[in-house]
Amino acid sequence: MRPSQRQADQLRDIKIELGYAKHAEGSCLIHFGETKVLCTATVEEKVPPFIKDSGAGWVTAEYGMLPRSTHTRMSREAAQGKQTGRTQEIQRLIGRALRSVTDFSAMGERQIKVDCDVIQADGGTRTAAITGGYLALHMAFQKLKRDGIISKNPLTDFLAAISCGIINGEAVLDLDYMEDSNAIADANFVITGSGKIVEIQATAEQTPFERWEFEALLKLAEDGIKTLIELQRQVLKEAEESSSAA
Amino acid sequence: MRPSQRQADQLRDIKIELGYAKHAEGSCLIHFGETKVLCTATVEEKVPPFIKDSGAGWVTAEYGMLPRSTHTRMSREAAQGKQTGRTQEIQRLIGRALRSVTDFSAMGERQIKVDCDVIQADGGTRTAAITGGYLALHMAFQKLKRDGIISKNPLTDFLAAISCGIINGEAVLDLDYMEDSNAIADANFVITGSGKIVEIQATAEQTPFERWEFEALLKLAEDGIKTLIELQRQVLKEAEESSSAA
Amino acid sequence: MRPSQRQADQLRDIKIELGYAKHAEGSCLIHFGETKVLCTATVEEKVPPFIKDSGAGWVTAEYGMLPRSTHTRMSREAAQGKQTGRTQEIQRLIGRALRSVTDFSAMGERQIKVDCDVIQADGGTRTAAITGGYLALHMAFQKLKRDGIISKNPLTDFLAAISCGIINGEAVLDLDYMEDSNAIADANFVITGSGKIVEIQATAEQTPFERWEFEALLKLAEDGIKTLIELQRQVLKEAEESSSAA
Amino acid sequence: MRPSQRQADQLRDIKIELGYAKHAEGSCLIHFGETKVLCTATVEEKVPPFIKDSGAGWVTAEYGMLPRSTHTRMSREAAQGKQTGRTQEIQRLIGRALRSVTDFSAMGERQIKVDCDVIQADGGTRTAAITGGYLALHMAFQKLKRDGIISKNPLTDFLAAISCGIINGEAVLDLDYMEDSNAIADANFVITGSGKIVEIQATAEQTPFERWEFEALLKLAEDGIKTLIELQRQVLKEAEESSSAA
Amino acid sequence: MRPSQRQADQLRDIKIELGYAKHAEGSCLIHFGETKVLCTATVEEKVPPFIKDSGAGWVTAEYGMLPRSTHTRMSREAAQGKQTGRTQEIQRLIGRALRSVTDFSAMGERQIKVDCDVIQADGGTRTAAITGGYLALHMAFQKLKRDGIISKNPLTDFLAAISCGIINGEAVLDLDYMEDSNAIADANFVITGSGKIVEIQATAEQTPFERWEFEALLKLAEDGIKTLIELQRQVLKEAEESSSAA
Amino acid sequence: MRPSQRQADQLRDIKIELGYAKHAEGSCLIHFGETKVLCTATVEEKVPPFIKDSGAGWVTAEYGMLPRSTHTRMSREAAQGKQTGRTQEIQRLIGRALRSVTDFSAMGERQIKVDCDVIQADGGTRTAAITGGYLALHMAFQKLKRDGIISKNPLTDFLAAISCGIINGEAVLDLDYMEDSNAIADANFVITGSGKIVEIQATAEQTPFERWEFEALLKLAEDGIKTLIELQRQVLKEAEESSSAA
């Protein structure tokens, strides 16, 4: 039995507050249990040099943690004068994942920046950020469409992410912080609504692991992500209905 | 009439969620209308060199804004590699204000770091940060007391802050962003529970102002801060009662 | 009696050497007792992006201290790779103060940078910098006028600054370093030739102070600044006469 | 047929020059075709704070590219004043991989730093760095053993890495730069001598990919890495024989 | 007798591998004994602002050392976030030296960046960098000429550099690391093919030295540089013949 | 005839104000014509790690320019976040020069930091800094001796520096800014009271120069430095007499 009393294939309670940030074009506060990440999407008409005059757009992401989002306080990156390697790795991952389901030519020559800021951390912040960042991005595209700036939502598929790990010889889904600290291996998966793979990152934390163990992690992730995407569909549908009603 | 339909001497709706951050020794999410600041207090046994072996403690503060807390997105300071002058000015102000009501010898040789992070900005973030930072600090001290580490709460008085400004020739209390942008002068006041002055910062934004105008701002602030401190007393009392009950 | 044998309302010896720096468009070395600040004004035809094509100008300031201007040597900011929060706070204050008496539309689309560098520090460097920076700026505008580039001096009023503080229960004017270290409260005032307020920064260094104490500080400052502005008028008049004679 | 005329499961020419750097405790210049990476291992008696007084050791890695190792010149990171996110991601990967086969308690309280510097880049620099970094580390441990400082080589297994990708619908092994630019998906695998998985990083560069495509990449990698490890065994055996002979 | 068994006026073995780096427009790996420096020349059509629209070109240089090129490992400058004063001094010297023999108007409005990276250090890295950097630059200009982009090679003379020093009262040529550590004075000379002086840097490492000692160093350098330039002529001639043959 | 009407071998007016900075242990404001450099020496009991517990001392130097010390304003290095290569090169030169005449064992385990800040620049700032820095250092050592902390002044010789250059085919002494801009070659010499060489830096600014031209520069420098050192002796003697009289 897991410390959180969950089954091996059970997600934590997932809660999504769409539109949490009043100024952003798209936003949500997403909860994976005690992990809370605020995701906002900002539409900018200014594009990076490498797509200038291409007619196509770009999506990028930034990630941060509030200093006391963690069990013991982390140094504030702005005060340190630089982002850690971990931060950069995660924000590159989020950006890559979101771009894999975006049709750049359908979004026009503009850029969307997705900010994922961890308000409270209890394991799985990067997977919550991708899952919530997708929703913020979706809302921003819907707004551009409602405003008549683009003719269709450029997202080509749904997208969510989840972590899995091996603890005491068993593969389990959606690790919280205590589990994450004890896992011998730990993997993050990003998968689309149609079940295609966008990213796999599997790492032996202490000792190398067997191929069949990896297969077990992948299987758990495929099922968990299906549940997450079902939830995304639902909250977006509700939002769409309420904005149509308005 | 003000754009927000408030009276000249009327505060915005103030809402305080004590204990918002699960990991911190003290915390609150404070709302001044649409402005939301998350304040956390972290107890650290490690002290800065200048108080080493003095037996006394220290209180310091850091301030930040989430990139899309604002109307248009701001650059992330961690990505820029440095904190702006404005950020440094504000965090120095918060630290100074909190230290003015702390008895360092009563807190033992330890440091408390108060982090104030703006989740959403609509004017008055620094005054919300001081008012909420005081509460986070108070909770952290109460925890140290409950844990038997210190014998009394080292805070010597209550403390809150508010902004005032001159708009269309009239002095008004607790400016929101739209008002702040139109004020010819703008002042921030930090005042204690016993009505003593901790800090006054009054600035002519466009044109220098008259002494009697300044007096009007000070009067508004004194009254507004009384209300804020009454609210602080109340939420702390409720928290104390519920933790005694537990 | 004060350590310097001055009366409570007595300024230190003020000495102004206009035109100290041969390359700058305007400059002075200003002495407030043993405090010496070199102020230079540089006219630049390049303007910051936010006023581009507006037809109007801008005034900005930078502040620095030579490493051994102080009692014990300070680290060189250039070697540390960043300006301290104190430095940024002071240079923002100087720039704001000078802008409050400048008519941007009368100066054309150009920028003036006022550099205030502390050659020797003995308290009151920021107020000496504002008082001297005003003179450097005035000279630079007069030069633009003499050169036929602008038709009138864009400064709309005189401007000076002074510090006051509470020591042993008494309010005193123009603190030197020893007094500054012992003050329980300390305030800086920036006031115009017509007696209007540009900036007030009052801070409880150790313990919060009473409102009537603040009023006493403000009264001292108003009188001290009148004397400083009289001196400014005089040195500028002499300079104007000697440049007309030439 | 691949641009390089190789079969889908064929490695480039692998060449290893053990002991290339005269000052380092272990080193090799490794060639994966035209990709050349210089790997050095440095033994340091000073350890990072988190293992101080633990009696155990640590292995860490740094990665860099010479500015003109690439087709078009890259900015020098030292001149830019920071390492890119890509650089940090790669050096974290190399360090993690090497640590997964190191018995820290057998190496004593010391640290080994493995530097991997790309002399010439033609795709696959990170996998060459891991494969060559393992050899440099092995040599450094052998030297510590020969010098009587440790009693056995703390490496618990062999270790190598390879990239694979999907090009024109086919899975191919060991991508060079031209192939890498055209791959729709790209994966890096780190695997031990006993066939266990240390790290998998699979990324959809353009479009998400199918699970069976991923399986094909993994199969190719397992075979390719067997060949690399066979080569490692051989060069280490030769080195050992020649150093015994000496 | 010198530790290396060389005569006082004897160079170390000099070895030059022209065209070592496959991507660069010009390159060589130059050996001064155990010192190895990789020099590459990159042609860029983008020019620095101060020569924009002048029709003339520019040559600049950058210098770096691999962390374990040295006896004990040096910190990686990219990881430290800045180049040391020594690095900047050396790269400024290399750039200045190469520019002194370049006819900017003959190279068209483009820039050549010469990167000198120390693969292994054993004294004299800056003089090897200048001598090898000249060759890389020459090759890049020859390529521009062969490609019909410029009509003649803009280099106006040959150029090489060597170090000398005073050890045990004797002037010796081309110091290796051990000698360099023991020299009381140490000088670097950059001289052209026609025997003209480009740069002299002579420094008393421990104690000031006599004028006649300096004259002895200069004499040694003049002879040593003649030998180096003879070698440059020869390798460039061979390269030219082989590229004509091709 | 030179623009300044000086003879080829004529120094500018040299003026030395010893003890200019009231807080420093040693200081002078030195004028080489319109060039003014403020030099201060600070005694610190804290030493750099590499001399810890050696019983010997160390001397180091820092250099800076006020932003408007120059004809057109330079960026403030502290605001840019780094020192330029030129600044670092100069401060390394000053430190090396001062150390060459210091007996470290006679100064005890302490460090003296010599700060040289350019108040106004008109060519020759680095040579004025060395000549004035020597005086500040001398005063600081005399103070340590007067205070009974050391038994003799650790300076082993006098030391001064001067620049020379070739303009219109003629070698001239002590270049001002206008001459410096027009020189084809430019050299800085640091020489001791006993005529020994400490540093020579000769650079072809535009075209390489002949050996006999270099000899002419060296001859001018030797004579010019004799005059500077005579002046140093005189001001130090006067200071010593006045401090004995006191």
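Order of writing sets the labels: A, B, C, D, E and F. Residues in every chain begin at 1.
Keep this in mind: a residue touches a chain if its C-beta (ideal position, glycine included) is under 8 Å from a C-beta of that chain, and two chains touch if they have at least 3 such contacts.
For reference, the UniProt names are A, B, C, D, E, F = Ribonuclease PH.
None of the values given here were measured: they were computed from a predicted structure.
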item	value
Mutual neighbours - chains that touch chain A (Ribonuclease PH) and chain D (Ribonuclease PH) alike	none
Listed chain pair B-C, C-F or D-E that repeats interface A-D [over half of contact pairs the same by residue number]	B-C
Copy-to-copy rotation for chain A (Ribonuclease PH) and chain E (Ribonuclease PH) - C-alpha atoms, rounded to a multiple of 5°	120
Copies chain C (Ribonuclease PH) and chain F (Ribonuclease PH) touch via same or different residues, half shared test	same
Of all other chains, the one whose Cα centre sits farthest from chain D (Ribonuclease PH)	C
Distance from the mean Cα position of chain C (Ribonuclease PH) to that of chain A (Ribonuclease PH), given in whole angstrom	51
For chain E (Ribonuclease PH) paired with chain F (Ribonuclease PH), centre-to-centre distance based on mean C-alpha positions, whole Å	30
Where chain D (Ribonuclease PH) touches two or more other chains at once, by residue number	81-82
Chain-level touch network, classified as line, ring, star, complete or other	ring
Cyclic chain order when read starting with chain A (Ribonuclease PH) and heading to chain D (Ribonuclease PH)	A, D, E, F, C, B
Residue ranges of chain D (Ribonuclease PH) in contact with chain E (Ribonuclease PH) within the complex	21-24, 27, 34, 38, 40, 42, 44, 62, 64, 66-73, 76-83, 87, 113, 115, 117, 119-121
Residues of chain C (Ribonuclease PH) touching chain B (Ribonuclease PH) in the complex	82, 85-86, 88-89, 91-92, 96, 100-101, 157, 187, 191-192, 194-204, 206-211, 214, 218
